[in-house]
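You will see chain A twice below: alongside chain B first, and alongside chain C after that.
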Partner chain A sequence: MSSVLILNILWQISILAMVTIGLGIVFGQLKIMNMAHGELVMIGAYAPVITASLGLPAVLQVPVCIITVGIVALILERTIIRHLYGRPFDSLLATWGVSILLREIVELLFGRGYQSVSSPLPGTMSVLGTDYPAYRIVVIIGVFAFFAILIAWYRRSAIGTEIKAMVENCELAHACGINTSRLSSLCFVFGALTAGIAGMVLAPTIRIEPMMGLDYLIRSFFSLVVGGLGSVEGLMLGVGIIGGLQSALGAAFDQTYGYLGILLLSIFFLWLRPNGIYSSR
Partner chain B sequence: MKTRLIKLAAAVALATSALTGSVYADIKIGVLVPDSGPSGLFGPSTRNSATLAAKEINAAGGINGEQIELVFADVGVPPAEATQAALRLWKGQGVKAFIGMHDSAVRQALLGLFKGQVPYVYTPVYEGNACGKGLYVTGETPSQQLAPVIPYLMAEKDAKKWYLIGHDYNWPRDTNKLAKQYIADAGGEVVGEEYLPFSVSEFDSSLQKIKASGAEGVLITLVGGGSVGFNVAFAGFGLDKQAIRLGTLIEENTLAGIGAANANGLYSSSGYFAAIDSPVAKSFSSSYASEFGTDAPVLNTLGQSAYDGLKLLAAIAAKANGLAVSAMDMVAEGTTFESPRGKGVLKDGHVAQNIYLADGTGGMFKVVYSFANVPTSEGCAN
Partner chain C sequence: MAFIVLVNAALLAVLLAIPFLFDSYIVYQIGLYLIYGIAAQGIGYLWGRIGILPLGQAMFFGLSAYATARILLHFDSLSLQLILLAGVMLVAGLTAFLFASVVFKGRSDSGPFFSLITLALVIISEQVAGTATAITGGFNGLSGYNTLAGIDQFGGLYLMIVGAVIFSTVVLMSFDRVPFGLVGRAMADNEQRLQLLGFPTHIIKGAAFAVSAVFAALAGILFANHQGIVTPTSTGFLLSANLVIWTAVGGRYHVLGPLLGAVLIGYLSSELRDSFQYWEVLLAILFIVVVLKAPGGLGELVDKSVSRLLVTKKATAKRVFHDAPPGRIGNWQSAVQFNDVHVKIGPVKILNGVQFTTFPKGILCIIGPNGAGKTSLFNAITGGLRVSRGEINVDGKSISNRSPHQALRSGIGRKLQVPSVFHSLRVWENLCLSMLAGRGRIPDYFKPSSFHWQSRALQQFLSVPHIPLADRSDELVSSLAQGHRQFLEFAMTIAAEPRILLLDEPCAGLSTDETQLMTRVIKQYQTANDGLIVLIEHDMSIVKSIADQVLVLHQGKVLANGTYDEIKSNDSVRDVYAGGTK
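This part shows the complex of A and B:
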C-alpha cells in the first residue's frame, strides 16, 4: 500500500468521523434521525464565506461558525426537534423539511452559485516520503486529538454520566434531579456544532454551495449503519470501514466501484445486521 | 340593478378585448430556461440575456415588422415535464418559436414534440450531432472547442501526455472520443481516461492516478460542483505544478467556486467569456450591467447563449419573411448574425463561430487566444 493511499484513507476517516459524530450523538442519544445534518455542515462551511464578505480577519471564522450554527441549532431544537425526541420516523420527516428550508435560506442570502474559501495553509509537505497537502495533515492530527479528548471527557465527566443515565432511562434520570430537557438540547446543539465545525474545516478543500450538505449526510448515515449506534468505538469502526473501503476500492479500480462497494456493504448491514458491528445495546 | 349589469358586461367585454388585443399584438417566442434542477444556477443569466436580445430585436423593428414578446418556462425538470411546459406555451399561449437552454434529454423529448412544426433554436454547449427540421443549434460542440485548442496548447505548453477525466455520461464520453484523436494527431499520448459517477465528491484516488500517470495536461469534462471540487483538490495536491488543465465547461461561476488560489494553469475553451475584448462584447456586457445592475448574475457561456439563439432566430426569420419552418429551412444555411462572440454563420444547422481559449490563473479569465470561425465537424445522428 502506498503511503499516499494510507494518508488518503486517514483523511477520509478524519473528515467522515467529524461529520458523523454529530449525527451519531443526535440519533444515538436523542433518537432524532437528523436529515438536516448535512445542512449544518453546509452552514459551517459558509462561516469563512461570511467572514470574507464582511472583511473580517480569518481567525474570526471560528466564533462566526459557532455562533451561526449554534443559533440555528438552538432555534431548531426549541421549535421543532424537542417535540420529536424518541420518535425517529417523525423526526426524519420533519428534519427533511428543515433541510430544504435551510438550503433555501442560504440560497436567498448567498445565491445559488459556488463560493470559494482559500486555504489557511496552502502548499504540500513531505510526509512518509510523499508530498501531501499540509492543511490535510494538520486536520488529520486535529481530528484524532479531538476524538481522544472527547472519549476521555465522556468517560469521566459528570455530564457524560448524566447523558448515559438519560439515555438508559429518561424518566428515572429526571426523577433523580437531572435536568433532562436542558441536557437534551445541550446534546443536540453539541452535535450540530461538531457538524458546523466539520464544514468549516472542510471548506478550503471542497466545493461550497447550498446543495453540498447531501454529500455528507449519506456517507455519515452509512457509517452509523455499519458501525452501530451509541458508542464512539462503533462510530470510529464505521467511518473506518466506509471511508477506508471507498478509498481503497477507488484507488484499486475506479470510483464507481468505490461507491458501489459502500452501497452494497450498507445494504448488507441493514439487511443482516441492522444494529451494526459494535452495538452497545 | 340593470344598469349595473350592463356596466359590468361592458367592463368584461372591454377587459377581454384588451387582453386578446395584447395576445395578438406581438409575436410570442418561448424561451425554455432552467429555473430549477442541477442547472438552476444558469436560469437567471439565461433569462437576462434573452431579455436583452429581445430588446435589441424590437428596437431594430422586430421580426417581420412585428414586435416580439418573450414567454419563459422552466425546463430544469425531467423531459416529460419539460415537454408539458413547452406544450402549454405552444398550444396554450400561441408561441411561434422556441429558444432552448437545457440538457440533451430535454432536447430529444422536445424534438419529438415539435416534429419540425415550429422553429426551435438550441443554444447551450453540448455533445454535437443534433439536427432535424426546424432545429438550429448555436452552442459549441466538442469538435469546435477542441480541434484548434488541443494542438495549440500542446505546442505552447509542451504538454504531450494527457489524462482525460469526466462525469459518466454521453457529453464527456463523446468529447473524449474526439479529444483522443486530436491528441494523437498532434503527436501526443493519452495516459489515462476516467469517468466518475455524479455521486462522487472525493477525488483523491483520481488525483493519485493523475500524479502517477505523469500527465502534463488534464482534460476536464466534469460538470458543475464536481468540476469545482476536483479542481480545488487538484491544486491542493500541488498537481497544478505538474500539469495544465483544460476544461470545456469551466465558465465564470465554476471558476469563482474553484477560487483564485486553485486556478493556476487552468484553461477553458468556449465560444463566450465575459472577458472577451471586442467592441460588441463590451457593449453587450455594459448594457447587461446597466439593465440588470452590477450585482446581476455573472455572464457565462450558457446564459449568454440564449442571446445568440434569439439573434439567429431573428436573422433566419428576416430572410424567410416569417417564422414558417419550411421557408426558414430553405434559407437558413449561411445565415449570419452579430453576437458578443463575434460573427456567427449557420452551417449544417450549427453555428461556425469564434472559439476563445482563456486562462483562469489568478481567478479571473483572460482570453489568451482566439480561433476565428471554427466550424463543427460532428455529423448528424438523428
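This part shows the complex of A and C:
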C-alpha cells in the first residue's frame, strides 16, 4: 500500500468521522433520524462561497459557517424537530422534507452548478516519504484533536452526565431539574454544527453543489450501522471500516465499486449484526 | 365487492373521458403521470398499510424500463416480448422479496435503516446506469426501439395505461378486503404480537415490498413504451423523491391517493417548474406540512367530503362463523425441559443455570421476587432472549435461540405481561388474526371466507358467561378497558390451541370478579386441551386456587418446587420473601 493511499484513507476517515459524529449524536441521543444531515454538510461547504459573495475576507468563513448552520439548525429545531424527539420514523419523514427544502433553497440562491473555492493552505508537506497537500494534513490532525477533546469533555463535564441522564430517562431527568428541552436543542445544534464544519473543511477539496449532501448522509449512516450506536469507539470503528473500504475499493477499481462495497457490507451487517460491532447494550 | 366495482367503474369513466376533453399532448402528459401514479400506488401501499417507507422505488422502475428497452430492441415476436416483460416483473418482485426479508430478518421494527438502504440502492443504480454504457447506453440512454405491438404512443398506449391503472387499483383495493391486508395493518400496529402469533413478519414484509416492486416494474415497462427513451434519470434519486412526495401529498392511506398526487402534483410541476421559480420550494414545504399536520393527504380530504355527501347507514351484519381448519401444530409432547439455561444481557446475568423439567400436563405457577428472571424465562422460551449457555428442549428438540415466530409451530402460545394486542384494529379483527395463526395457508390469506373462521377453543371461551368480548366485536381495541384487553389477549393466545400456554400475570389489573373468571377460563382451557400451562403470578391466592405445582425462581435459579403447601412451608422460600438474601 502506497503512503499516498494511506494518507487518502486517513483523510476520508477523518472527514467521515466529523460528519458521522453529528448524525450519531442526533440519532443516538435524540432518536431523530436526520435525513437533512447531509444538507447541513452542504450548507457548511457553501460557507466559503457565502463569505466571498458577501465580500468578506476568507478568514471570516469560520464564523460565517457557524452562524449560518447554527441559525438553520435552530430554526429547524424550533419549528420541526422539537415535536419529533423519540420518534425516529416520523423524524425521518419530516427531515426528508427538510432536506429537499434546503436543497431547493440553496439551488435558488446559488444555482444548480458546481462551485469551487481555493484552499486556504496551498502547497504540500512531506509526510511518510511523499508530498501531500498541507491543508489535508492539518485537517486530519485537527479532527483527531477535536475528537480527543470531545471525549475528554463528555466524560467529565456536567452536561455530559445530564445528556446521559436524559437519554436514559427523559422524564426523570426533567423531574430532576434538568432542562431537557434546552439540552435537546443544544444537542441538535451541536450535531448540526459539526456537520457544517465538516462541510466547510471539505469545501476546498471538492466540487460544491446542492446535491452533494446525500452521499455524506448515506456514508455516515452506514458507518453507524457497521460501528453501532452509542459509543465513540463504535463510531470510529464504523467510520474506519466504511471510509477505508470505500477509499481502498475506489482506488483499486472505481468509485462505483467503492460504493457497492460499502452498501453490501451494510446490508450484511443489518442482516447478521443488527446492532453493529460496538452495540451500546 | 360492490364497492370495488363501483369505484373502479367511476375511475374508468373519468380516465376514458380525458381523451375527449383535452388535446393529445395533454392526454400524453396525463398518461405519463398515471404511469408514475402506478409506482406511487405501490409506495402508498407499502408505506400507508405496512409502515415501511421505500425511498428508492425508482430503482425497480428504471431498471425495468431499461430491461423493457432491451427486450424491445432485441426481440420481435410479440408473444416472446410479453413473456419476457412478465419475467421482468417477476424478477423485480423476487429481488425485492429476497432483499427485504433478509434485511428485516431478526428484527421487529421497520426503523429508518430500510429506507436509507433503499435510498443508497437507487443512488447506486443511477450511477451504474450512467457508467455501464455497453448495457444502458450511458447518459444518452437507450432509444430507437419500437413500442410493444407497435402501439401508438399518442393513441392506444393511453388505453393500455388506463388498463394498468385499473388493474393496480383493483388489486390494492382487494388486498384491503382479504386477510392478507389485515395482516399488513396488524404489522404496522404491533409486530411483536404478530410474531408471537406465529407470523414470520420478515417474510410478510418481503412479500409487501415485492408487491410494491412489481407495481414499480409495471410502471417502468409502460414508461419505456411511453417515452421511447430510457435514461439514467428514470432510475434516479430525484424520481424516487418525487414519487414519495406525490404519494404523501396525494394520501398514502388511500388506494387512489397516490394516483391523484402523481397526476395533480406531477402535472402542476411540469407546468410551473420553469415559469414559477419558487415552485420546488413551495412543494417541499407542502410535503413537510402534510407529513406533520395532515398525514392522510388529499386522499383523506376527498374521502371525508365524499362520505359527508353520501351518508350511508352502517349495517352491522351478524357475523357467521364456520369451523377453522385444524392447526398445523405438531403433536409435540408438551413437557418443557430447562437444561442449565443461562441468559445474559450485556454484563448483567439474568438466568444462571435454570435446571428443571415441567410435567407434560397441568398448571405450573412460577413465583419469585421481582427480578428473579420469570419473564426472562418466558422470553428465552419464545426466542426473544438469547440463551448463552445450556438449552431448552421440548419433545427432545432444542427450542432455544429461535425466532419468536417459530414458537407457535412447536405448540407454544404466549400472553405478555402488559396486554399486547392490535390497538388500531377492531376486536373481531384481532380474533380473526389469532384464528389465522398457525392455520392459514398462503391461499387462505387471499380469501375473504377465512375471516369467518372460529376454533373450538375460541368458541368455548366466548360462550362462557360474562366474558366481556362477545358483544364488543365491532369496537376498536383502543377503546377497550385494560382488563378487557387482558381477556382479549388471552382469547387470541388460546385461539391457536397451543399445547404449551405461557401466561405472564394474566390477572394483573383485573377486579376480583374478573380474576375469578380468568382463573376459571384458564382451568377450562387446561381441561379441554389437556396440555401444559405455565403461569407467572404474584398473587398467592390465585396460585393456591390454580396451581398443580409451584416453581420458585430467585436470582435466575430454581430455588424450590413442589405443591403449594410444600412451597408455603419451605424455609428458603420464606427467607427470600421475608427479605433474606439467601
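We take it that the second predicted complex is superposed on the first by the 276 of 281 C-alpha atoms of A that agree within 3 Å, B and C clash if a C-alpha of one lies under 4 Å from a C-alpha of the other, contacts with A are read in each partner's own complex, and residues count from 1 in each chain.
Just so we're on the same page, a contact is a pair of C-beta atoms (placed from the backbone, for glycine too) under 8 Å apart; a residue touches a chain by one contact, two chains touch by 3 or more.
Everything quoted here is computed from the prediction, not taken from an experiment.
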Clash-or-fit label for the pair chain B, chain C on chain A: clash
First, second, both or neither for A:T256, with chain B first and chain C second: both
Touching partner for A:L92 - first (chain B), second (chain C), both, neither: second
Touching partner for A:S118 - first (chain B), second (chain C), both, neither: first
Which of chain B and chain C A:I208 touches, first, second, both or neither: first
Contacts of A:I267 with chain B and chain C, given as first, second, both or neither: second
Touching partner for A:N8 - first (chain B), second (chain C), both, neither: first
Which superposed partner A:D131 touches (first chain B, second chain C, both, neither): first
Superposition clash, chain C versus chain B, among 63-71, 171-179, 225-233 or 297-305: 225-233
Chain B and chain C contact sites that coincide on chain A, given as residue numbers: 211, 215, 254-256, 259
Residue numbers on chain A that touch chain B, as the complex places them: 2, 4-5, 8, 11-12, 111-119, 122-124, 131-133, 135-136, 204-209, 211-212, 215, 246-247, 250-251, 254-256, 258-259
Residue numbers on chain B that touch chain A, as the complex places them: 40-41, 168, 194-197, 199-202, 204-206, 208-209, 211, 225, 228-229, 232-233, 236-238, 253-254, 256-262, 297-298, 363
Residue ranges of chain A touching chain C (in the complex, touch as defined): 33, 80, 83, 88-90, 92-94, 96-98, 100-101, 104-105, 107-108, 211, 214-215, 217-218, 221-222, 225, 254-256, 259-260, 263, 266-267, 270-271, 274, 281
Contact set on chain C toward chain A in their complex: 51, 53, 55, 99, 102-103, 105-107, 110-113, 115-117, 119-121, 123-124, 127-128, 131, 237, 241, 244-245, 248, 277-278, 280-281, 283-285, 287-288, 291-292, 345-346
